[in-house]
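Here come two complexes built around chain A, the first alongside chain B, the second alongside chain C.
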Partner chain A sequence: MQSWLRDSDPGIRISDNVIGVPTGKREPTMRTLLKAALAGATLMTPASAALAQDKVELTLWHMEQPPHRVQRVQEVIDAFNAANPDIVVKQEPQNWGEVYAKAPAAIAAGQGPDLLFAIPDFTPILKDIGALNSVEDFVKELDAKHDFVDSAVEAYSYDGGVWAVPLYNMAMNLWYRKSVFQEAGIEVPETWEEWKAAAEALSKDGVYGIGLPANKQLYTDQTVYSFMVNGGATEIYNEDGSLRFDNPETVASYRFYADMHKMSPADSTSWTWGEAEACFSSRSCAMVLQFTVIATYDTQAEGDAADLGVAAIPHAEGQEGHNTISYANAVMILAKDEAKREAAEKFISFLLEPENYGRFLNMEPGLFMPVTADGAKAESFWSDPMVQKYKSQIETVIQNAANGRLFGFTSGRTFPSIAAISAQNIIAETLQNMVVNGQSAEEAVAAGQARMEEVSKQ
Partner chain B sequence: MSRGLGWNVVLAACLLFFAALIGLPFWWVLTGSIKIPQEIIARMPTMIPHSFTLQHYQKLFSASDYPVYLINSLIVATASTVLTLLLALPAAYAFFRLRFPGRAIAYRTILLAYAFPSIVVLIPLFGLFAKVGLVDRLPALILVNTAFALPFAIWMLRSFLAGIPKEIEEAAVMDGAPTLTLLRHIMIPLIAPGIASVGIYAFITAWTEYVFASVLILSDAKRTLPVGFSGIIGQYQIDWGLLLAGASVAIIPVVTLFAFVGRGFVSGLTEGAVK
Partner chain C sequence: MLQSRAIAFAFVAPALLFLAAILGWPLVQAVLLSLQDVRVIGSPGAFVGLSNYERVLGAPAFWRAVGLSAVWVLANAVLQTALALAAALVLNEKFPGVRIARTWIIITWIVPTVVVVVIWRWLFSTSGGMINPLLLQAGLIERPVGFFATPWTAMATLVFINSWRWFPFIALMVLAGLTRVPEELYEAARIDGANAWERFKSITWPLLAPTLSVLAVIGTLLSFNVFDIIWLLTAGGPAGGSRTLPVLIYETAFKGYRLSEAAAISVIATVLLMAFAILATRTLEKGEER
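After this line comes the complex of A and B, so read on.
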């Protein structure tokens, strides 16, 4: 068991450890301080530089910026650094909004990180600029030890290599309140027909039957695709790389989404994840599609774990099984230096060890799900108080995630244009053409395919 | 000429409407920041808080790097403002008074800087700053903010200088004042409102700048408020109380600047004018 260092300093650097700053002494004057600093710098720099050379320094960029997540990542890093005195990992949290432009620029300028977190559509961008080497052998080694969820590895496996190591999963689910369903005499819907009937029955007394977004933004991409994978429209590419977005299944999925959206709040055309969660937590929306609502439900709503319901997303009539969109988040190794790559692999192996993994995942309890079989059973994961409280919900989420798909990363076929299609939110734009601009499903999907073809050529 | 009662009522109603339009969002943010989480997202919103808590402010200052971002923003915005004014004043005076070849063309083309969206120069600038070791350093932001505020600042100050009666300047010249003395002791006090306006403009531009700050700064300890704060709020899950508390604190420096600095400059002008 690791000893976790709780009061960590996220900004700690190797030089802080080596040089050290005396504390608890009499306050020196500014002049004395400057002299001492100058003398100290002159004397100590060669020594500190020599010591620094003995250690391998790794810079980790991740996009988990909220303070509690940064703190938890730092705790994991501190434990790793303590257990590996020859390696120093430091974190530099970034923002998803900027990292798509920032990372290539930083790499080109020689300022890039050694390790960088990723989602599937981010990886091709860095692969195309030659920043990545395949980590296939390393992933195989980890798979043999921990047993990855297949879909998580698939999302990073193409062009004869594996380009990132899966770290955690996020899958979309249907959230509701059990008491609300019971009062309305509703069973958990299995099919689209039942789902629509449930939303209609729940749309009363100022409550919206379901909260679905229609913003031109990633959240809408995710919810729309969650309909598509349950309506037989999982693939948006043919085997030869041509687009097959415009097909009867996609049209039917959009038509059904637009029908359901009529039971959502009017401002949902500008929603992101937070607004949907708030709508559910405040009881304004009876159902929402979300990765998780647990943290907000627990801290900002009533927090009654027994009443919180989660289910797989209903499927179209004639379809079998429940699917969902899932984002297997991963980490890319950007370091080119052999010693750094070795250190990076050591750090990733450390993260995936069951005794560390749960603690890492629970930087946001209920949101980040394990991508390894032993991680899903890890004591470090299930012992978190919030995870214990919402154990049944989290078990359902993990189960749903096993049927996760991601547009452009299915069936082992991945084409570079998916990065542009995803970046420009064309799936969401297609929906907006229906619910905002009044186009029919057929017109909107045809226009969507044309837009996809247009950005694919650029 | 006195206005009728009806006209006064209409005017008052218009005033009230616009005051509410401007003031209500601020009221919403400020009162929301002291409500408990359940009340913030309640189905029926409350205009007057039914609860009181400082938990969001406590979390903001104790569990996040918000104070660091706040200090970084203050440093960047203040330094950018000072540098903009230091460069814009002599430049504006030179365009206004000195005769040199290409003056008219240079003056007109100076605003071309605004023809290019900042995103266009972002990547080349990153490469340039990386070469000179300015990436992940606050001076990089100060330089960028100054460069983008300077053209408009020069234009504005030149217009203010043009509004000063020529006789005042001639009198100073006849008394033997050199150019720098003339600028420092005569012109600057007379265009104090213009300097205040430009100062406030430069400060707010730097205070709210996001694009360059998000790319040129890599480490958390050097982030400015807009970038750092957007990270604190979270993506998939939003802590609404934290968001409202952070937004409330973020407007304090700007309000302070308007309330005190701007007023001070204007009072300085009127004191000089009475003489």
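After this line comes the complex of A and C, so read on.
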């Protein structure tokens, strides 16, 4: 019997049975329970507040929503928290579709995260509302230790600062089945002419020679730009910030893309990444341009590593070398508080340590590529079973990523309008004007430049 | 009389205050936002008067979206009403399993939108879908059709999917209306030798018309605001062929970073809908008076 029970305590006995007959046991009444809870809460509050004061809490927003990725990020966070008892990192997964609107709103309301993952065109938006401080010194420090891939840092370096810390890279590649090429007597294409001939030869028996998207969506921006960088149309801005999208190389790139698109499924005007992967997995598409198809090929197709081919994207006749689009994903430090910023830097340093970095990247094996020299050699990266199985493909992807470029982030200067151009998918919209509305490449590219100029002025 | 009115008002006051808080206040905020030049949520904006309205009303994209919204609403109204009426007439008959059919018909309405989208996207896919192979086997087409490939096929496909999702709900409303039609009227008509079409034309349709009119008003308002299915299936494409006003508002706010301009479009859309609702309500009231 507990001493705080008194006979004088009135109220309904919670232990009375359903027909209202007392059970005979002395039980706490509702009032005493409330008193106890209040007393407990009074005692607990200062204690928990003191505990919270001892620790620096960091909130991380990232957009890697699939459960297995969230779980892997949590494992890495748990390891960090265990190694740093004075810091508590917690993750709050978001999605790319919402975060462009949600993050500025949360920051304005004082509820923003301390760390936020980014792609290059996201940082100008947050920089413009004053949410970012340059992390140039921190990036230099990390670069000295781990040696960043130059293009990864370049994408976040503009206006006299570095606005995010590169974390991983994604680069577009040409995926195919070696056995399909062999049966058709096709070599891996190096140039656009060879590529078109290959796609034509493979377009038979209900199979589409190549699966290329024509949706007004980011995936199409990425595939079209992959053509542009291999057609000599890498730059969309002049040095002075004026647009140079409308030029003969861009026109030729669009014309070739539209030609190749004729060998794609009719509904590719609504494709995103998933449909292309599904088309390749189901053998309906002989070739696709994708960052990776490894996970779907392994789980939903035959999963024969020896048969999965990956190559650099072919280039136009007269151009040299293979290029691709690459997205260096990064993390922004939004925390303003000095202690939080220090803790955030500690967490990022932890992520980039070779012994942790591979585990972090392999939240989706074959998709996220290292952006540091020591990360590319890390045992933690290469020891993953899936990475081991598709080692040769991943090596090729890393090799291709070294020649990665990103529209609007190629000249060392970034112009704010790239955020709107990218967000409104004007590169993809230009293609739709050809594929859906029947415009010529010249007309569509001229209209594309006009649209870019329009959104740049707004 | 005055006292009873005051009491009645006192009873509805909490609900009115609640509505004012959750509807009126955001609407006021939207109007204020539309008079500024805020680009991104959380960023400051200066007062610019009616310039956002001028820009919106002068933009071809806005008028195209208005036109597409009208097509969308009208096509959905026609298809949903036809399907709902047919389903309700069938469910109003007595046959084994009618109770189960009445319950299970609403399953398409219960299924979450994202599931509806995934199912139909797959069914209509040209690579791996089910509908194209069926049409090919039946000899109706020579090559796979891209249902979302052109502006008009995309709009037609979206209308079909949205109607498929919503018609059972309307069917149940119509069914409720049908159950109120006295059976004696049909019996009298049968005795007079009226066939099924004559019974429908002279009894069912006139007695059902008020129900259908109310549903048309509600359905128009609901259809106009549909965003999820369109965004998830076509994102307003291809080439803007399914960019209705709600899609344009979203694109302007969150892809174009012109929040105030999006607010101006929202205010115009609200005015259009309110005008429609008032006009429709008055027409219905006049109809009832007659």
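We take it that the second predicted complex is superposed on the first by the 419 of 458 C-alpha atoms of A that agree within 3 Å, B and C clash if a C-alpha of one lies under 4 Å from a C-alpha of the other, contacts with A are read in each partner's own complex, and residues count from 1 in each chain.
Here is the rule we go by: contacts are C-beta pairs under 8 Å (C-beta built on N, C-alpha and C of every residue); 3 or more make two chains touch, one makes a residue touch a chain.
This is a predicted model, so every value here is computed, not measured.
Touch criterion not met for A:Phe117: it reaches neither chain B nor chain C.
Shared-chain residue A:Gln432: touches chain C; no touch with chain B. In the overlay built on the shared chain, the residue A:Tyr208 is in contact with chain C alone; chain B does not reach it.
Look at A:Gln217: by the touch rule set out above, it reaches chain C but stays clear of chain B. By the touch criterion defined above, A:Phe227 reaches neither chain B nor chain C. With both structures placed on the common chain, the touch criterion links A:Ser270 to chain C but leaves chain B unconnected.
In the superposition on chain A, contact of A:Asp128 is made with chain C only, not with chain B. When the two complexes are overlaid on their common chain A, residue A:Ala108 makes contact with chain B and with chain C alike.
In the overlay built on the shared chain, the residue A:Gln424 is in contact with chain C alone; chain B does not reach it. Of the residues of chain A, those at positions 101, 105, 108-109, 278, 282, 284 touch chain B in one of the two structures and chain C in the other.
On the side of chain C, the complex with chain A involves touching residues 40-43, 121, 124-128, 143-151, 154, 233-239, 241, 251, 253-258. The touching residues of chain A, when paired with chain B in their complex, are 10-11, 63, 65-68, 70-71, 92-98, 101-102, 105-106, 108-111, 170, 206, 272-274, 277-278, 281-284, 291-292, 295-296, 299-301, 364, 367. Chain B meets chain A in the complex at residues 37-38, 40-43, 63-65, 122-123, 126-127, 130-131, 135-136, 214-215, 218-221, 227, 230-240.
Put simply, chain A touches chain C in their complex at residues 100-101, 104-105, 107-109, 125, 128-129, 208, 211, 214-217, 265-270, 275, 278-279, 282, 284-285, 419-420, 423-425, 429, 432-433, 435-437, 455, 458.
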